[in-house]
């Protein structure tokens, strides 16, 4: 077993790159296009940039928080994190696909929403897997001073991620715009009043 | 509350990637073009590369300096930094748009300048937000040894960022080239004689 | 001689970027294409993304493990790592080339498999070179507490990499799909039951 | 004044990204092209990838070595490093331009060599600037235990960089291929027998 330093550095790197690559998904208008209409037409790209940036940012904050209580690593745990990062690094793809189909092609928009939402569900599930593995066998990868009570509080919070993202995704069957609003609202909810929501958990850090 | 180590690593990652992605905004001339005229025509791309690189670099230096006095983090503070980084990571986009419109299309150039300048204003405002949040409640995220006097000196300096960038941006209404020179001069001012300007602040590090 | 801290940071950066750039290899379908058939046609890109991501991830885990026993560096050792990283950073290229040729053009598929497999063989050889150099002269770059027995166990495991990747590559002469399955199986084998395989080695960390 | 930790992290990030972005300069052959001739025609891209990767790698190793004796930073010193990194991050551009013109268009090849060599000269000059600033005022940014003798040895070595790169660049006036061989030989010279060349300096680390 090793400590988690290099795992966190690597994860931070992937998070930082995936989040920064999002900007490459915003097309530079051609030089001969009028700039104002070109930018206006691209509003879904800007919208998607903000939502995905905040979403990856929130996930990074959560990953960060998780590792304030996880203190050790082993190769299996590292691989679970690699699989988690595989979906984080994938986010720019469904983000661009979704931005391209919004209000353009209903069928494609629905499928793009499923692709985007499915990626989020996968991330949320792997988040739980990271926690479950670290907390297993009486918390074999946790820092010693972390009390059992704290672990359960932590686990309870993450458990809501997969069904919530799943629900927001399925709302696309009503209309894809509902999911779009849902993803944005979920990101804003976490980004804005986050201190209130997390106050309890903060004491563990 | 946690220490700021991983927040700084993540921020450094986003800064480093955003600054390095700027080079992708310089088009490789096609193989059949004469290289000399092609490169000459692209001078705004080279110019914009230098200005944006120095600007992001200066912001990184300032962020770095800020964190010599900020010693703790919490999820809200992390999210404020994520929003700050959302604008840092966005810089390559307005940089390319601006480089493309310089001396080409007056209307587009004006709009591109507003987009570029607006991004800088947003960064400068968020810079103040980072400081304000860290220094709030009697400096609850600051390192203990930082004196109240120092905090006020720091705050006073950052306060000039938003109006200055706003002013340079609005000068585009006179002529966009004035803003272009303004952004370059501002970057050069900070990059070149920076030690003199900051000597006072240096003592806090 | 210096410690390995900055070498590991740099290596982690290259690993993290190379692994995250893989997503740029998945083409965004054009807006006018039907999304479902476009994504379905691109399955080799998704497949290649997963295999290469896991493969680079595994190599990162192994590099990480190696540096739990290597504690010192010198310029020659740093350059060996740079050459190793040159092949890691190259992986997105053969990954895209391979994904493009699968089931399309038999001749090209075979060559693309050799390119991909050759890159893996080179990485595996350099992995052994890193170890060999660090363990040479009675383990001059190893941490002092690492016993001679442990070193030999480590070396023995890495030795299988080059011939195994070479064998999987050459199986393309039977049919390129055999190599494709081989690379995927090899990645899955390491990714899934990794804890069992590595249990012995874990005790050294 | 602060310590150099975050400056090194940021520099390592820019080095790692610039070096990894080089792979994006190798064009993926179109699906309908024969793969073998397409790859063969692209040999200058592969060659340039190797030379630029080794060159940036060597510069990273040297930067790394330099910071084993530099222990403190200030904003001016940070900005000198930002300007240094501005040229490091630029390397992928002249690398691609050069790779595209080799044996294609004599005039363009000559200009591309000047662009590439000029970038290297700038990097070598800034390398000396970093050292000169750190060693100035009786070594005000150096670690205390570094002896004056060692500083001078260090300074002497770096001084050869700018004229050597300048010479290799100017050899393009004879024939651009001479410069091409020169850059490759210079990279190989540093990459291969580096331990011998640097043995003296190693004792300072």
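Labels A, B, C and D are assigned to the chains in the order they are written; within every chain, residues are numbered from 1.
By our rule, a residue touches a chain if its C-beta (ideal position, glycine included) is under 8 Å from a C-beta of that chain, and two chains touch if they have at least 3 such contacts.
All of these numbers come straight from a predicted model, not from anything done at the bench.
Both chain A and chain B derive from one sequence, and where they touch, under half of the residue numbers involved are common to the two copies. Taking each chain's centre as the mean of its CA atoms, D is the chain most distant from chain A. Annotation: 37 Å between the Cα-based centres of chain B and chain C. Spacing of chain B relative to chain D, judged by their CA centroids, is 26 angstrom. In chain A, the residues that reach two or more other chains under the touch definition are 9, 13, 16-17, 21, 24. Note for the complex: chain D touches chain B at residues 1-2, 6-7, 9-10, 13-14, 16-18, 21, 24, 74-76, 78-79, 82-83, 85-86, 89-90, 92-93, 96-97, 100-101, 104-105, 107-108, 111-112, 115. Chain contact summary for the complex, chain D toward chain C: residues 8-9, 12-13, 15-17, 19-24, 26, 28-29, 31, 34-36, 39, 49-50, 53-54, 57-58, 60-61, 64-65, 67-68, 190-191, 194-195, 198, 202, 205.
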